[in-house]
Structures are given as C-alpha cells and as structure tokens.
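Two complexes, one shared chain (subunit A), two partners (subunit B, subunit C).
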Partner chain A sequence: MRAYLSVFRMRLRMETHYRGAVLGGILCQIFFGLILVALYRTLYMGKPQERPFAHVAAYVWLQQAFFRMLLSSDADLMDKIRTGAIAYDLCRPLDLYGFYYARIMAQKLMGSLLRGIPMLVFACLLPAGWGLCAPASPQALLAALPALLLGLMCVCAMENITMAFTMRTLDPRGIQALMNLAMMILCGNVLPLTLFPDRWQRVLALLPYAQMLDAPIRLYTGEYGPERAGEVLLIQAVWTGALILLGASLWRRNRKRLLVQGG
Partner chain B sequence: MMGVKTLRLYLSSMGILLKSQWQYPASFLMQTLAQLVMEGGEMLAVVLLVDRFDHLNQWSGGDLYFFFGLMSVTFYLTECFGRGITGQFPSMVRMGHLDTLLVRPRGILTQVMCSAVDPRRVACIAVGAVSLALGSRMAQVHWTLPKALLLLESVFCGFFLILGLFLTEAILCIHSVKSVEIANTLTYGGRSACQYPVDAFPRPLRVLFTVAAPFALVMHVPASRILEKPLFPWPTWTAWLCPLAGPAVFGLMAFLFSRAMRSYRSAGS
Partner chain C sequence: MDRTETPLISVRELSKRFILRKKREPGALFREKETVQALREVSFDIARGELVGYIGPNGAGKSTTVKILSGILTPDGGEVRACGKVPWKERKSYVRRIGVVFGQRMQLWWDVPVLDSYTLLKEIYRIPEKSYRERLGELTEALDLSGLLRTPLRQMSLGQRMRAELCGSLLHRPELLFLDEPTIGLDAVSKLALRDFLKWENQRYRTTVLLTTHDMEDIAALCPRVMVLGHGRKLYDGTLQTLLGRYDRLRTAEVRYDREDCVPVLPEGIRVERTGEGYRLCYRPETLPTGELLSLLQKAGPIRELTVQPQNIDRMIADMYREMDL
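Let's turn to the complex of A and B:
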C-alpha cells in the first residue's frame, strides 16, 4: 500500500508544475461557463421552468470547474502502450492496475483542484443568477464532498477500462475517443443532465456516468435531499466497485496476452 | 498566374494526403465514427433544448437548427480543408519545425495549408448539413437563387474568418512559447457560442462576437435574412456586405502573421 501512496504523492507534486497551462485552462473554462450560463438564462426567460435557474447555473459552474477530472488521461501510459515500453512496468513488484490507478487518480485530483478552486471562487463572486449559489444546506455540502470523492474514484475506474481497450487496439484515437465522448454527454458536460427530458433522467441517473459529477452536483444543489444521501452514495460505491473489478480483470487478461511491440 | 499554380499545388497536396489517410481504412472509419458521435451529441443538445424550451427569443426550433447547421458546416469545412492552420501549426511554431518551411520557395501560409487535410470531419459536416436542411424545412424557408448564393457566401466567408481566428494562436506562439490556449476562447468558444444566434447573449459577449470575432456578421446576419427575421434593423443589401468581415479578419491576421515572422527566432535546436 505504501508504494501506491508514494506513486500517488509523486504524481500530485508533478501536476503542480505546469502553472502556465493551468491559467490558460482556467480562463478558457470560465469563458465556456459564461457562454453556457448566458444561453440557458435566455432560454429560461423565454419559458420559465419548475427547477430554479440558480441550480442550472451551479450545475454549469461545477461541471466546468471539474472538467479536468473527466477529461484527462495518462499520456505516459499511452506512449508506453504504443512503444512497448510497458514491458518494463511488468518488472515492477507492484500490481499494474493499482500502480496506474494511483497515478491517474493523483493526476485528476490535483488537475481539477488547481483549476476548480480558483474557478469556483470566481463563480461565487458573480452576481446572483449568474454564478454558483451556496449549497442547499450544510448537510448538502457534507454529503456532496464524499460523493465527489466517490465520483473521482468512479472516473478513474472508467479511465482504466478505456486504457484496457487501448492496450488491445494500440491506437488511442478510435475507442478512446468514443468512450470519452459518451462520457462527456452522459456526465452532463455537454448539456446538464437536469435539462434532459424528465423521463430520460430516471434512466440516466442510474448509469455509471451519472455517478461521476451529476450525483455530487445534485446533492450540492439539494435536488437530492440529505435524506437520500445514503442511497446516492451507495449507488456510487456499487458502480465504482463494479468498474474497478471489471477494469482489473480486463488488465489481468491483457497481461496474459501481452505482445510487446518494438525490437 | 501565381494563384493558379498555388491552387494546383494545394489540390495535388490534398490528393496525396487523402490517399495516405486511406492507408489505414479501419482506423479511419473508427475515427470518422467518433466524429459523428461527437457532432451528433452537440446536435442532440440543441434538439433537447428546443424540446424543453421551444424557442430562444424570437427564434423557433427550426431557426435554431438552421443556425446550428450553418456553424457546423462552416467550422468543420475549415477544420477539414484548413487543417494545416487549425491543427498542428501553433505547435510547429512553438517547437521550431517552422524553420523547415522557411527554406522552401513558397509562402509559409501556402505550405501550411498544403500540409494537412482532415477528411474525418466529413461526419461533422454531414450532421451540420442534415441540421441545416431540417431547419430550413421546419422554418419553411422559400429558397430562391439569391438566398442560396447568400448561404454560399456566408459559408465561404466563414471559412476565412475561422482560419483567421486560428492564426491568432500561431501569432501568439511566435511572441511567447508560454501557454496560448487563451486563443481557443475565440475559435472553439466562438463555435460553441455562435451556433446559437448572437442575441441570446448579454451585451459584452454580443460585442465580442460582432466586432472582435465577427461570427454574427459573417453567419447570423445572412442566416437571419434567409429566415426572413432580420437580426439587426439594417437594409437588405447589408446582408451581402457583412460576411466580407470574414476575409477581412483573415487578411488582417495574415498581415500580422507576416509582421510577427520578422521577429521569429527559432525555438528549436
């Protein structure tokens, strides 16, 4: 366990080194957030909805703030798969799945904290109706934080499944692109899941993708009341566990049929 | 005479590049499918918004599909045939690969335009075309020859507008190798915002997309004329004039780029 922790810590530190890229990313994400909030505001004014607009704005800002958590992958691992250098990793006295799980988790955690915190501060400073509203209640915030952590673990498990497929096809652009696109749509990044037709939402909320960011956001805005927090966290934990098991077994099978490219 | 030669060079480069892309058909089809899913997802967002809200200001669902389709077709035609500029060019400047272009007897922009094509974008263009057709049908557009020509002009000028905006990133790269993602706000941000008519946005964004990155002049003014719901209370002939802002932006950026090249010092070794 110590080994995985130190991999995790090393990766955390490495992520803090690219500050220029972080600043550019923040400005870009803020701009996208402003565009989306402005668009949904205009739509809301034309036809007010049952759900308060503040929830939609909060949804947009939280999605933009944690964008990096959803969409970032381990570039080193991808290179290693392509060049065959992954063979060296087999010499490590560690479980490969755990090793890369710790790495990607550190990368996603630090990447999204560095971008997310300044963005959320900015979003809180915006005038009411534009920015991020306060959580529905202190309990809502308390429930949203562990849900966000479980969401992170769920994203990492999904990322490792995508990587397992990449190990088979070697070309990251096909299957990986498809899986990431499915994620962006079904996580609520392209359009908040709360704006999907109400009938669809009942199904979408049960998919693993909704456990990543949608569940924590709905706990934050109070759409899922604190009394449902236990149930929501349980669904998240079950999906996370299932995805980790699936991913680990795919990696084990890949290991058996590993053919190393290169001379 | 020079223009014809350049065009022939461009076309033959495109031929070679397309042939090379087709060498791996399975990978190509997979990536094209991914593009289809991506743009399909974007269109799904518009469809679901129309389903929930019916309209955006004075624009009906059909109008919104029309605007979305116009943006998709134009943006991805640019990404397809202008891939040299929209793709790796900024990183070529950053990494110093631009040096190899400097020793050849052709203009830099010509060489860059000839260096890449991205046929996978056909999938996105197809989604855009479907949306455009669907929108014009639902909005009951009476097509006439001038309207069709106006649409073509808008797409043509939009191509140059988007190329020009992508050039800003290359220009910034010459002056600073630091992160220049900020230029993405104008290109990708402009696409995301201006797939909806510009009057959906508050004043500062409206000004930005009318004056600085004039998507509104190049796309929304002619589109709203075709839909017969003018965006601005301007005389009809302005719809023909406004899209010219696109080539103007490209010309300005190309000029600034050649100016910036004077202070270019290779970043590579």
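Let's turn to the complex of A and C:
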C-alpha cells in the first residue's frame, strides 16, 4: 500500500512544479467560462428555458474549474507506453493497475485543485447573473463533495481503460481523441447536460460520463435535491466500481499478450 | 553454499515467438500475420556469482531472453527457474530479488530529483530505512553520485544518468542483475567507471550478472564467460578467449617506407590497402610467417616504421557472425 501512497504523493508534488501550466490553464478556462456564460445568456434572452439561469452559470463555472480532472493529461505515462519504458514498471513487485490509478488520481486531484480554487474565487466575484451562485443549501454542498470525489475516482478508472487500450495500439492519439470527444460532450462540458432535451437527459444521466462532474454539479445547484443524494452517490459508486473492474481485467489481459518492441 | 549448489538460473529449451501483423497488401481483405521466432530452444545454466556476457547481432533474441528472465514476457515453451522461482508465474516475489537495467529506457522520473525517485523505489521494494540508507550511501560513493542526488534527471549527462539508473536498480540489493546494453552511448571514462563498479558489486556481494552488449570491450573487461545468440539459437557458450581463438588468426600490419614510391610485392590472397603514408595489410601467420612477410616488405625499400597487431575485436566478432551466417 505504501508504494501506491508514495507514487500518489510524488505525483502530487510534481504537479505543483508546473506553475506556468497552472496559470495558462486558469486563464484559458476563465476565457471559455466567460464566453460560454455570455452565449447562454444570449440564448436565455431569446428563449428563456425552464431552468434558472443562475444554475446554468454555476454549471459552466464548475465544469471549467474542474476541467483538468476530465481530459487525460499525463503525457509521461503515455510516453512510457510508446517508448517501452513501461518495461521497468512491469518488472516491479506491484500491481500496475493500482500504481497507475494512484498516479493518475494524484495528477488530476492536484491539477484541478490548483486551477479550480482560484477559478472558483474568480467566479464568485463576478456580478450576479454571470458568476457562480452559492450552493442550494448546506446539505447540497455536503452531498456534492463526496459526489465530486466519486466523480474523480470514476474519471481515473476511465483513463486507466484508455491506457489499457493504448497498450494495444501503442499510440495514444487515436483512442484519446475519441475518448476526449465523448468525454467533453457527455460530461456536459460543451453544453450543460441540464440543457439537453428532458428525454435525452434521462439516458445521459445514467451514463458513466454523467457521474464525473454532472452529478456533483446538480447536487450543488439543487437540481438533484438532498433527498436524492443517496441514489445519485449509489449510481456513481456502481459505475466507478464497474469501470475499475473492467480496467483491471483489461490490464491483466494486456500482461498476458504483451510485446515490448525493440532491443 | 558449496560449488555444487544448484544453478541460480536454469533455462531449458526456452522458446518464444511473436506474431506481428503486417501491413495489409493492396487488394487483400485481411492483414497477413507474420510469426517471428525470437528464441528457439535455448538452454543454459548460470551459477551464483557468475558474470556472463550475452552477445549476438541485433535481433538475435537477447532482449527477449532478458524480458522473459525478468518476468515481463511469458515464453511459449521451455522451462526457467531463477532464484528457485518461475519468473512469469511467481512474478511479484521473484522480481523483488532481481534488478534490471535497460540501457535504452529510463526508470527514474524525468522532472524530479533522483533522490525522490529512489525514495519511491524504496517504498516499492519495501526496503527498511536503515538498509536503504546504508546501501544508498555505498552506491552514491561507488558510482560517484553524491553531488547529483538533488539534481533532476533531465539536467544530467548521459553518463551521469546511466550511473543514476544503475543505482536505482541496485538499491534493493538484488542477487541477480540483468543489464541490457548498459554502456550504450557512454564516453570512455563513464564506460570504465561503470565496468569497475560492476566488478566491485560482483566481487563484494556475489551478485550474479547477465550482461547483453554490443561493446566487446565490456565483455573482455568483465565476463569470463560469454554466450552467443543468433537467430534465436544459442551458438556458443564458453570463454571469450576460446571463442576469439577460433577467429583470432588474422594480423594487421602497417608499414611506412622512407620514400613514397616504394611498393611492396606480396603473394596472392593478402589484402593490401594504401593508407595516407604507407600500407595496411591483413595476413595469416600460419600461411605467411611474419619473418617472411618482413623480408618481402624489405625488398621494396628501406622501412621507416612497422607495426603488427592482432585484429580488432569488433572485426573478429563481425567475421564470426558472418561465418555463423547471422
């Protein structure tokens, strides 16, 4: 267990070194946040929707603040597979799935905290109707926090599946482009899932992608009331468990059919 | 333990093939598959404390052997027991006892000080604190790393990086060490330092070493025993001297005359090349004794300078590969 904690800590610390990337990320996400909020304001002016606009703005800002959590961004890890340096990790007395899971989680956690906290402060300071509103209730915030943690675990499980596929294709670009596209749309990053037609939403909300950021955000804004928190957390936990099982079995199968190319 | 102990590594009829998918031929419906037989029934034993060189041309199957012996790949046939275990079956408990260096790959983290990478390795191998400190102290001294522990890997030269990598592979005191081209790309000083270190480690802890390399100087300096692999088969297993003895019949002579216009006349079958100021020739002392050669050379004019040398070791290996049809 200590090895997994140790790689977690090391990756956490490493993430704090890239200050330029953090600053760039914040500026970029603020830019996108402002554009999206402006866009949806215009949409509401033309044709007001059922959902209060404050919820849409909160949705956008929370998505942007935790953007780093979604996309796979551990280039070192992908390089290891591409160059074959993964051979070293394969001859360690470790379970590779757990080792990489810990590493990915640390990177996503620190990466999104470093960007997310300043961004949320910024979003709170914006004038009403533009920025982030307070949570629906203290209970809503209390429910959203564990949901965010489960969401993080779910993303990490998904990324480990991408990694397992990369080990087969040896080049991450194809599978990553596909997974990232699905992720951006089905997570609600491009268009809040709350703005999709209601019948679509019933399906979308059950997909694993909705468990990552959509579920915690809806708990925050009160879209899902505190009485539904248990049910939401359960769906999240089921998906996270299923993705972890799938990923771990893919890794086990990879080990059997492994081929490390080159001398 | 006495001399008759069971070998530390015992490999029997080890086979491994890879199935590669070829590019689809134009017009073909499916991609054809191509089978590459990387290892064909290779057998050998290695005793504790041995330093064994493992050579062969590129693609001979050396790295495949190392990958099987380090538990990364599963073979298609044959048996392996190393440290009393089957590497790919009892992987986790086995890999604790071995160390691996892949000369072309990196295990340490690129952006963080090497000491942090070592701390992580300490946790991975669950090395007790005291043992870790002692070993790190010993290795940093032997590998001359003390000034570098706080340096990130990316700021190091290739030679420094290889020493740091080697230190990382030895922290958990492996009894068995696999080195896959550890001296690749190193300058002369770093190579010598690395060889000295490996000798020291082997003598002090009886660490068993299997070294694959293309650098024959590595083998000559380190390995009393050498195995040659070609096309997945073991072709030779014995001392380097015996191996080279078979190919060490050629001598190279370089001659320079007082005047530029002197041209030696030599019998058929002797390769003569013109160099800048004289001639270089290859001959076999069995067919043309050196004394006779000398008198033939002297007939052409007064000799200013003459050197006779055994053939270059790399040239010999190239001849050997050619003769073995590799």
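One rule holds in what follows: the second predicted complex is superposed on the first by the 263 of 263 C-alpha atoms of A that agree within 3 Å, B and C clash if a C-alpha of one lies under 4 Å from a C-alpha of the other, contacts with A are read in each partner's own complex, and residues count from 1 in each chain.
Criterion: a residue touches a chain if its C-beta (ideal position, glycine included) is under 8 Å from a C-beta of that chain, and two chains touch if they have at least 3 such contacts.
Bear in mind that the values here come from a model prediction, so they are computed numbers and not experimental data.
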Inset, instruction - Could you look at A:Val7 and tell me whether it touches subunit B, subunit C, both or neither (first, second, both, neither)? - result: second
Inset, instruction - Using the touch definition from the top, say if A:Val190 reaches subunit B (first), subunit C (second), both or neither. - result: first
Legend entry - Partner chain in contact with A:Leu245 - subunit B first, subunit C second, else both or neither: neither
Legend entry - Partner chain(s) touched by A:Gly46 [first = subunit B, second = subunit C, both, neither]: first
Inset, instruction - For A:Thr83, decide between first (touching subunit B), second (touching subunit C), both and neither. - result: second
Inset, instruction - Could you say whether A:Lys256 touches subunit B, subunit C, both of them, or neither, answering first, second, both or neither? - result: second
Inset, instruction - Check whether subunit B or subunit C contacts more residues of subunit A in the superposed model. - result: B
Legend entry - subunit B versus subunit C as contact partner of A:Arg173, first or second or both or neither: first
Inset, instruction - Considering only the touch criterion stated at the top, classify A:Ala182 as touching first (subunit B), second (subunit C), both, or neither. - result: first
Inset, instruction - Once the two structures are superposed, pull the subunit A residues common to the subunit B and subunit C interfaces. - result: none
Legend entry - Residues on subunit B engaged by subunit A in the complex (per definition of touch): 27, 30-31, 33-34, 37-38, 41-42, 44-45, 48-49, 51-57, 178-182, 184-185, 189, 192-193, 196, 200-202, 205
Legend entry - subunit A to subunit C touching residues, read off their complex: 2-3, 5-7, 10, 13-14, 17, 76, 83-85, 87-88, 90-94, 256, 258-260, 262-263
Inset, instruction - Would you pull the subunit A residues touching subunit B in the complex into a rising list? - result: 20-21, 23-25, 27-28, 31-32, 34-36, 38-39, 42-44, 46-47, 49, 171, 173-175, 177-178, 181-182, 184-185, 190-191, 195-197
Inset, instruction - Please name which positions on subunit C make contact with subunit A in the complex. - result: 18, 58-59, 62-63, 67, 70-74, 91-93, 95-96, 98, 100, 102, 104-107, 109-112, 116, 119-120, 123-126, 180-181
